[in-house]
Structures are given as structure tokens and as C-alpha cells.
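In what comes next, chain A is part of two complexes: it sits with chain B in the first one and with chain C in the second one.
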Partner chain A sequence: MDAARKGIVVLPFEVLKRALLQPEASSLLMFFVLFGITAILQENFFEAKSIVRTINSFAPLILLAMGQAIVIISGGIDLSSGAALSLLTCVLTTVMKKDDPITGVYALILAFLVALGTGVVNGLGIGYLRIPPVIVTFATSYAWLGIALFLRPTPGGESVPWFRVFYNMRVVEGVPEVLKSLGNYVPPALLLIVGACVLWYIVSRTRTGRYIYAVGSNIESAYVSGINTGKTQMLACVLNAVLIFLAALFFVGQNQTGDARMGGPLTLRSIAAVVVGGIALSGGRGSVYLAIVGALILGFVGRIIFFANVPNAYQTLVSGIIVIAAIAGPAYATLRRELR
Partner chain B sequence: MVILEARGIRKHFGGVVALSDGNLRCRQGRITGLLGANGSGKSTMSKIIAGVYRPDGGEIWYKGRPVHYRNPSEAKRDGIALVFQNLSLVPDLTVWQNVVLGMEKSRGIFLDNQEAKQIARDILSKLLPGLDITRKVYELSPGEMQIVEIAKAIAERPQLLILDEPTAALEHAQVKSLFAYMRALAQSGVAIVFTSHRLWEVMEICNDVTIFRNGATVAYIDFDQEEKDPETIISHITGETVRSSPAERTFGEKPASREVLLRAHIRSKVKSLRDVSLELARGEILGIGGLAGQGQNELLYALAGSFPGVQCEVEIEGRKIVLRRPQDAIQNGILLVPGDRQKEGLFLEHSVYSNMVFPKFGLSRHPVIIPEKKYRGECEDIVRLLSIKVSSLDAPVSTLSGGNQQKVVVGKWLSFDVKVFLLADPAKGVDIGAKRDLYEYIRRLARERGIGVILYASDHEELAQYADRVLVMYEGGIVAALTGEDISEETITATSVRAR
Partner chain C sequence: METFLKKTFPWYGWLLGSWFPVQYRKAFTILFLTVLLYAGGGVVVPGFLTLEQILLTLKLAAFIALFGLCQMIVIVAGGGGLDLSVGYTATLTAVLTASIMDGRNAYLGIALLVALVLGLLVGFANGVLTSYLKLPPLVVTLAMADILQGIVNAYVAGKAITGRPSPVLVTLAAKLTGVFPNILFVLIPVAVLAILVFERTKWGQVLFGVGANERTAYLCGIDVKKVRFLTFVASGVLASLIGLLLLGNMGIAFKDMGSNYVMPSIAAVVVGGVPLAGGGGSYFGVILGSIFLQALTNLLTALGLGDAGKWLGFGIILFAMLSVYAGNRRSR
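This part shows the complex of A and B:
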């Protein structure tokens, strides 16, 4: 009787404790807390315009974080993703001529091929030459930066007007009314993110998706099970490159310029987003979708600092502390699980 | 019908001959047992057949044609599956995902998960009823992992299934259901090779046995024609009847006194070690024998205070202490020389000098500034004493030979007030000359300074030569104690395999 009652009392507590020790759960909890705080601090948070603005400002990091998550789950890491993003914006704005709409199509095709190229080079180094991913992608980040600076030493370049469809459909001429009114509620940035999710949804239900987890979890076991580990890591890098390409489309649509140095800071932020999302840096563990949550958490931190009127001098310090707290939760949960 | 025949297989690793004349014949629908003591070459043989190693010589005929596999995938394609000991499972995938890993089927563009789950459920419902196939592998116990590993090999529908010590991690009931499944597989025409160190298992399940000793096949017994006689098998494993010159036992002088130096009571909560009590006299060399992996390393770690989950109460020179951390043991003069010197005993890239002084830093009364000159002098003494061949004290340990590396591991404790030395297979991978030096030195140390030595050696010949008393371990417990005239390589090995 006594034990039974005790069992009832203890059980929900134990369940809750165990649930909170899942890295995923602590990320989601963090997300809701920060979401709530932001919603309280920012008065017009739930207005349509404000929501669109929020999505737009978070979109590049979300896309990069998803790509980063795929590479990290496969057992790698990409220190070149920001540089690759910059490179793609430079390629796009160099090929495009303002007055010639068809150049937009050429730019799209060429930039996509360049994106695939960056993924293949990283994949060759990580998957086939078996060089540590940190080294490979650190080296390639300088290559991408170098090419980007060669194309566009200073920010600038041209963009065809219709490229704004990737940012805001209303301002582009010739877009059907239906799409324009859809664009009022569903910004293109959201469509790009949904597209990325659909892409990963499909991949995750194929062999490639399963093998990405297997290779990241234990590459030796995967190899003796007959999995082509080199190819798997290569495909992870290429998928990452495709997501970076989507981020580049959004950036050029928004700014109409290319910038060789804009992506740099995003690299480490994307890795931070992955960690905050509860994905293990050791690979094989976590969900790509949680990288979105991680990116949102980092985004909300910036918001909160801004709306809470934190004095300028302390903004970086305060946001740093919040990020440490956000990383500590999932990291602690992962550690607990690994020690068990 | 003979499905596989291997003849005259040879294989060496570096200078060590693992197989000199390996022969094996497998028939469809029959279970063949591979038997042999530690290092007799039976594992090497299974791995060569499955394509993990390439043989140096000899020929393998599979289904009537000669084969030369370069990797496990090629052998797998031909229907030869080797069950690795937890080598091929991916911890973050679920049980059913692991069972079909590498051979997933698709329906349209997506994976056919329903069929995959069905395959996993079919096999596992017989091998381990009640196992939730949606659990992640890292959540499973070692025994459950082993069974999933077996299920994975079976899911490939092999024609020749090689099980390399599959029962080591299993409980009795699990072994029973594995055997039932093996019999069903054999009935459907699969040839099975089964290795185990438990003799009774082999007697129960196998149709015939092939026995290895010192890298060569020494006997083949078909149970259909000959009776199952464990004594015959044991004599083949130990080679009692054919051995011409037994290893000479070098007693040296007997330990002077029978004064008890150490009394230990170990209460274990882990599976790999049972509750164990032992006594050690001053100046005595106590040997720990048995087949590999029967808890010998665990026992030594427990005595060194570095095995969590085990409570070790020790009475040393009449003082009672409880060992909780390695420091507790070190400060009381109980020092461990770990078995894997490269991983646990040495900082390979550091110099001989720093390797020797590191342990001193753990002393409670260590001067703040390191007395460099004094330590260097001590190190030079030890190097001279043990005749360690080294160009200078500052040479990285990785440049030394295996034997000299081992001397450094032993030597670094010599300037301490040693009371008990725990040696975990100290001569593994050490050449014969250095091995003798090392053991002679250890014995001198024991006799002259009255140090107690607990020596675990996987090579029973070493125990027979140097130990005053031998405890034989089996499945985490001590099953026999041998003294005086009873100590010989043959009796130790025979006691090890006869245990049940």
C-alpha cells in the first residue's frame, strides 16, 4: 500500500526527470521559455508583419544550421559553410546583369553547380581522403573566401529585379496576384525552410538518411556492415551545400548584393545552433529539425537583448551568458546519457 | 556435403606465428566446434575464412572452388557470415535498423521499414523473445547486443555461419534459445562454425569438433563416429600426451616466511566479477590463470581501487582499508602494472624520464618545485637496474621496444614503498629474452624486498614457471587453487577448460 502510493508519487517525477534528460526535451523547453519572454517583451510580436520580419531575420541561420546538422550527424563538421554562403552570393551577383532578366536563370544554374562543387570538395576530403573534417573544412573555408574576394573585393554587384521573389513576392512585377497574396502570409523565407525540411524528410527515409546516422554513430561498424562510408559522408556534404545554396538565394533576394565576408560569422553560429538543438557533436545522434529550434533559440536571445533595453556595453556579455546556458542544458543531458 | 574446406592455412602477425597449419572442414547442416586454448589460432582461423585477414599460405575451397577473399563484404556476398563480438552494431540506430543494416530494401523511393521490422521480429522472437526491437542499441545489455549481432548475421541468410565465442556474454537461458535456433538453422541446411571456451557447450551443440593447439590443427573428432569424451578433448587441447619436454619449473628459493601480507575481500555488483577473497604472503608470487577474459583483469583492477561497482576491503600488514580510488591503493603501496601498456601504463609520446616521474606527483607530500636533479638520478639508477635499453632518458617511450616499454612501466614504481605488485599480463608482446629478464627481476624483488606479487598471465607456461601458487578463474570466480607439484601448464589449462 505504502509502496504503491510511493510508486504513484515517484513515477511522474521520474518520468519528468528522464524526459528532461533527453537533449531534445531540454532544447524544446529552452525554446518555449525564450519564445515566451520574447513575446512578452516585444509588443507587436504576434502581428503578421512582425512574424514575417522574424522569419526573415532568422532564415539564413536556420538553413545553415540544418545543413550543418546533417554534416555533424554524419560524423563531420563544416567550418566552411559561412564562407560558402558568401561565395554563392558573389557568384550570383557577378553573373546577373540588372537589365537582363535571363541572366538570373544563368546565375541560378551556375551558383547551384558551384554549391555542389563546394560540397563535393568537402566530401572528398572528409569521406574519401579521410582527413579530419575540421582540417578539411577550415582549409576550404579559405579557398571559398579567396574566390569570393576575387569575384567581389568589396560588397556590391548587380541583381535582376525578379530575384526579389526569394525575399518578398509583392514587390516583383509579373508575379500572379494569387502568389502575391500568399506572400502576404507565407513569406518566401518560410517556403525555403519548408522546402529544406521536405528535402530532408525525403532523404531521411532513404538508405542515405539511415546511413548518415549509421556512419556518424560508428564508422567502423557501418563499414563492416557493407555501407559505403565515403559516399555517405560525401552525400551529407552535398546536402549541406544545397541548403547553403537556398540561404544564398534568400540573401541576394533580400539585399540585391553579394558580399564576400557576410557569411563568416554564421559558421560558428550554425554550429552553436546545432549544439543548442541537442545534436551530439560526436555524430549519429539528434534530429535535423531540432537544428531549426536551436537557430530560433539563438535568434530569440538577440531579440530579448534588444527589447529588454540591456545597455549597449553589456549586450554581448548577456547574450553570451544566455547562449552558454542554452548549450549547457542539452550538453549536460547528452553527457549524462553517454556516461550511463 | 562439404561446403568449406581449408587446408594448411598459415598466418603470422609481425614475428608472431598465429597459424602454422590450420585445417577445417564444414558440412552443410552440421555444427562444427572449434576448440583450443588461448592463442591456439582458432579465432584467427575464423577470421581468415570470413575474409577479415588474408592468409599467408594454404588454400580455402568453398562450394567446390578455391576462394581468396580480400574483405568481409566479399565473403558475405558468397554467403559466409561471421558474427563479430559487438563490432558491427551501430549504437544510435534501433535494433531492427541494425538487423537489416547494409541490406535495406526499398519500396518506391522510401525504405521498406515494415518488411525490415518483420524480418527483425521473426528472428528475434525466437532468439530473445520479449526484446523490444524499437530500442536503440546503446540501451541494450552486452548479452542483448550479442544476440542482435547474431540476428544481424542470420538476416543475411548465410550458408556458412561463423560464431566466434558468441556465448561469452550470454546468460544460461539465452544460450539455450541460441542453441535451439542454431539447431533449426542447421536443419535447414546452414553450415555453422561454433567457437566457445565452455567445453560443455561444445559437447552439447556440435556434431564434430576441430581442435587447435599452438597454431595447428591437432585433432578432428566426429561425434557420429566417436564417443563424446571430454577427457580426450582436454588432452588434445593441452597436448599432455604428446608433449616431450615440459617447461622447466624454476622455483628459485621459496619465500622465506608465510607471514600474510594482504587479505582482500571483494564484494562485486558487476557481472564480470564475483565475490572473491584471497590472501597473499610476503615475498610470494601468486599466479592468476584461466582462459582469457574470465575476470582476471577485473580482479586486479578491483585490488588497485580502480574498478567502479566493486567494493574491495583490504587488510594490508594488519591495517584495514577500503579501496575506493586508485590513490587509496597507491598510497598504501599496492601498485598496478596494467596489461595494455600502450593505453593505460604509459604516455607513449613522453620521454622515459617523465613517464617515470609522473606517479610521484600523486604523492600527498610532494614538493611544490620538482626536484629535477634527484629524480633524474633515481631514474638513471632504475634504468641501470632493469637494464632498460634506451639512448637517453629524454627519448620518447614510443621509440623503445615492447620489452623495454614494459620495464619502464614496472620501473616507475620502484622508488616507491611497494608492498604489493599487481601485474596484468606483463609479458604480452614481449620477446623471450626480455620476458625472462623481467620475471627474474620481479622474483628477485619479491624474495629480497618481501613484496607480494599477484601475477595474471594469459600464457600458462609463464605461470607454471614463476608462480608459487596459482588461482584459476572462470566466469569471474575462483574455481581452483593449485600449489606445489600441481602447478604445471597442463594442469592449469585443464582446470581452466574443465570448469563449469
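This part shows the complex of A and C:
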């Protein structure tokens, strides 16, 4: 009887503990806790203006993290995403001329093609040449950096005024009044993120979406099951490139400049967001939307550090420690369970 | 690459006849490419093919080769090992020890001690996280790089980095004896020692065995986790000591002094013919790989392409070498 009573008392705890050990649950819990802390610390957190600002500051990382998640789920990893983002901003600002609105269209087309090119090269290395993804994207990251430096040795460049629609619709002439008032509550950054989600939703409902998971979870079985693994991994890389392209649109809309080195730190942060979101680095498991949660967690942590009056210089240090903690925690728990 | 060279230069196959040790074939190929690069450079850029220029290349390549040793130790042990934190460890050591030494030889001992402790700490952390907690080395060492850079940023925030290296370090790393750079007197013994350890001792056998097939190594009674853990410790300590030499060469410490060596160190290992899956390769090849990359950098700089050309060139070379060496098409 004693044991039975004990069982009744212990069981909920056990269930809770098991649930929390699931990566998805723990990342969602972490998200709500951090969300709460930030909301308490920041007085005007729920005002429309403040929400828009929050979304804007998190948008590039969210887009990059989603792309990273797709590649990681397909069994790869992309160390070149930050460099590709920088390259695209450089391409956009080099093609565009301030006084000639039509150059914006050319820039969009060219940058989109360049983005596809970066995805195809990565996909070629990972999917077809079967080079370890870590090292092939490490190599391409330097190739992108090199090209970006050719185009723009120092940060700068110009952009057509209408490119600001990707950042703030109100400041652009010729945008209908309806859209402008909508922009007060729904910033373009949010539309880009929703667009990315819709894109992934459509892909994940197709055969390709299931192939991406299959290839990531066991490439040998996927191959012998008749899946074209090379093509699947290539598609994952191209999807990633499209999301990076969206992030580049936002960045240029916001800053009107290109910078060959701005994206570098975002690479690790995007991987960190994926890990913190609870997606397995070994591939094949987790949801791409969890990467958004991961990116938000990292963003809120940055906010809290800011409010805690920690100097800017400590930001890199803290984010590094968070990444280690986020991946070491679950691994330590697994190890303990195995040893028992 | 070998087949390509054999087809293009008929006597190349004769050069690599049966008398030539197998493990040095890739090294010989890269040596050949370096010579080609120099010949081409000598034609295009006047003054590229002088003794001073070559010795300068060797001096700069020595640092890449030393970082390449850290990288090779980790990579050879297999398991997707890779240490992206080497350059940052070196930076932190240099920044910390510069203010300790401040141009005095008397404090070199303390600086060495600090470097050792720091290297051990970083290596220990990397090793435990990757080997015992089974986390991907890439992410761990990348995050570790962030942490180290973060410490440097926090340490130097709002103030100038003070201090100079001790004269001994300057002599060792920056000065020349005649036309001969002193750093080679460091690199050559290190290289001989490394090659002897890799190829002639039990430790080397264990290291290559673990990298070649961890299951077999485990069944032979080797503690695979411990070996991989120790490779990260060795890499951390070495990187930290290289930080002292780097400080000696530069004369001052600054925020990004080591981080520029991370990419070349990996590229040198790949170009030098060390398989990324582990269990093979020779340090001799890595040294030649470093020389090749440095010569390429010099050539691109001489052609006025600067940083952009350097990184683009490195990226393309690395990609090309990877698709020749590391590609895995036939198993499909």
C-alpha cells in the first residue's frame, strides 16, 4: 500500500520530468520563462511599437535559423549562412543606384540568382560530392566572404528608396494607405517570416519534405529505398538559400548598406538557435518551427543581458556559454540515464 | 589530383615510382603544386622568385603549420574531430601574457605557466564536451571560440591592450639569423618530433588506429574516449603556446591576432592530404600545405587582390581539394 501511494505521488513528477527531458518541451518552457522575464523587465513590452521593434531585431536570426534547421534536418549543416547573407547584401547594394528605382528590380533578380547559386554549390558539395558538410560549407563560407570583399571592401553602398518596404512600409512613397496603417501592427519582417513558414509548410506537405527527414535520419536506408539523396540534400540547401535571401532583403531594407562581414557572427547564432530549439544536430528529427522558438530564446536572452546592464562586450561570451549549456544539458541527462 | 598530374606530366608517374613511400605521395603532389605556383608567380610577378621572398613565405607559413599541428592531432583521431578554437586560444594567451611580460625576460616563466594552464583549461573543456558528452566537436569548439573571443572582448573593453612580449620571444619568432627566419628553428624540431611521434611510437599508432577504425581500436583495448579527449587537450596546450610565439612575432597583442589562422590551419591539413575522417596523413604534408597556402596568399597579394582574393582563393582551393580527396562518390 505504501508503495502504491508512493507511486501515485511520484508518478506525476516522473511524467513531468520525462516530458521536460524532451527537447521540444524544455525549449518551449525556456521560451515562456524568458518571455515572461523580458516582459517584466521591459515596461512598454506589449505596446505595438515595441512589439514591432522586437520582431525587427529578431527577424534576420529567425530566418537564418529556419534555413539552418532545414539543412540540419536533412543531415547537413551550413557554416556559410552568415557569409552568404553578407554576400547578398553586398550584391544588392552594388547593383542598386539610389536615383534609379528600376535598378532595385535588377538587384532583386540578380541577388536571388546568386542566392540560388550559393545553395547549389553547397548542395553539390554535401549531396553529390559527399564531402563532410561541416568542412564543405566552411570552405564555401570563405569563398562567399572573398566575393563579398571584392564587391564591397568596406561597408557601404547605396540602395533605392523603395527598398525600405522590406523594413518599414510607412516611410516609402506610393505605398497604399491601407498597407501603411497595416505596417504599424504587422511589420514587413513578420510578413517575411510568415512567408518563410508558408514556404516550409508547403514543402513539408510534399514528398520532398518527407524525403528531407528520411535522408537526415538515415541516409543509407533512404538511398536503398530509392530516394535521390543527392537531390534531396541539394533542395534543402537551396531552400536555406532562399530564406537567407529573405533575410538579406530585410537587412538591406533596414540599413540601406551592404557589409561583407556583418553576417559572420550570425552563423553560430543560427546553429545555436537550432540546437536551443531542440532540433537534433544529427539530423532527421525536430520541427523547423522550433528553430523560431530557439531564435526567440536567444533574442530574449540578449534582451535580458541588456536590461541587466551587462556591457555589450560580454554579449559574445554569454551567447557562447548559452550554446554550450544548451547542448551539454540534454547530453549530460542522456549520459546519466545510460550509466544508471 | 595524382591521376590528373600523371596524365598531364608523363614523367610524374616515374617520379612517384615504387621507391617512393606511399604516405608521402600526397605530400609530394602538393610540393609539386607549390613549385608550379612559384614558377607561375615568378613569370607573372617580377621579384616573386627571390630567396628573401621564399624565406619570408616560410616564416609566415610556419605559424600556419604550427596551428595545423593542433588541427591534425584532433583530426587524425577521427570522430569528426575539428578544433575551431585554436586561433582564439592563442589570442587570449597573447593578450593575457603581454601585460604579464611587458617586455621583460624575467616574467617569461610566469607567462609560460599562464599559457599552459589556459591551454589545459580550454583543451579540457573541449575534450570533456566532445569526447565524454558526445557533442559535435564543430559546434563545441565554435562556441568555445565565441567564449574565448568574448573573454578577450570583455578584457579589453574600453581600454587599450598594454604590454609587449619578452625579448626572447621576439628573437625566437620575429628575428632573422642572417636571412634565415628564427621561427624555423622552432618549427623544424617540432616537425621532427611530431613526425617521430606520429610514425614511430606507440602513441602515434594508437592515435591513427582510433581514427582509422574506432570499433577495432576499442576491441583492441584502447580507451577511445580518452584518446580523443587527450587530443583536444594537446591541441589546446599547443595553441596556447603558439599564442606566445604569435605575440613575439607581432610585438603587440590585439583582438583578432589569432582568429585569422583558424581557416588556414584547416585548409593546410586538407591540402596536405590528411583525410578528414581521420586515421591517415603525415605532418610533412601539412607543412607543405601551409607553404602552398602562404605562397598563394603572397601571389594574390602581389597581384593586388588582397584580402578578398586570399579568402576567395582559400575557399576555392579548399573546395577543390576536398572534392578530390574527401569526396565519397564511389561508395554510392
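Here is the rule we use: the second predicted complex is superposed on the first by the 296 of 340 C-alpha atoms of A that agree within 3 Å, B and C clash if a C-alpha of one lies under 4 Å from a C-alpha of the other, contacts with A are read in each partner's own complex, and residues count from 1 in each chain.
Just so we're on the same page, a contact is a pair of C-beta atoms (placed from the backbone, for glycine too) under 8 Å apart; a residue touches a chain by one contact, two chains touch by 3 or more.
Worth saying up front: this structure is predicted, and the values here are computed from it rather than measured.
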Partner chain(s) touched by A:Glu177 [first = chain B, second = chain C, both, neither]: neither
Partner chain(s) touched by A:Arg130 [first = chain B, second = chain C, both, neither]: second
Touched chain A residues, chain B compared with chain C: C
Touching partner for A:Ala214 - first (chain B), second (chain C), both, neither: first
Contacts of A:Ala222 with chain B and chain C, given as first, second, both or neither: first
First, second, both or neither for A:Arg205, with chain B first and chain C second: first
Partner chain in contact with A:Asp99 - chain B first, chain C second, else both or neither: neither
First, second, both or neither for A:Tyr142, with chain B first and chain C second: second
Touch list for chain C against partner chain A, complex: 80, 82, 129, 132-136, 138-140, 142-151, 153-154, 156-158, 263, 266-267, 270, 276-277, 306-316, 318-319, 322-323, 326-329, 331-332
Residues of chain A touching chain C in the complex: 77, 79, 121, 125, 128-132, 134-136, 138-150, 153, 223, 268, 271-272, 275, 281, 311-321, 323-324, 327-328, 331-332, 335
Complex interface listing, chain A residues touching chain B: 202, 205-207, 210, 213-214, 216-218, 220-222, 224-227, 284-285
Partner chain A, residues of chain B touching it in the complex: 72-73, 76, 84, 87-93, 97, 101-104, 106, 109-111, 152
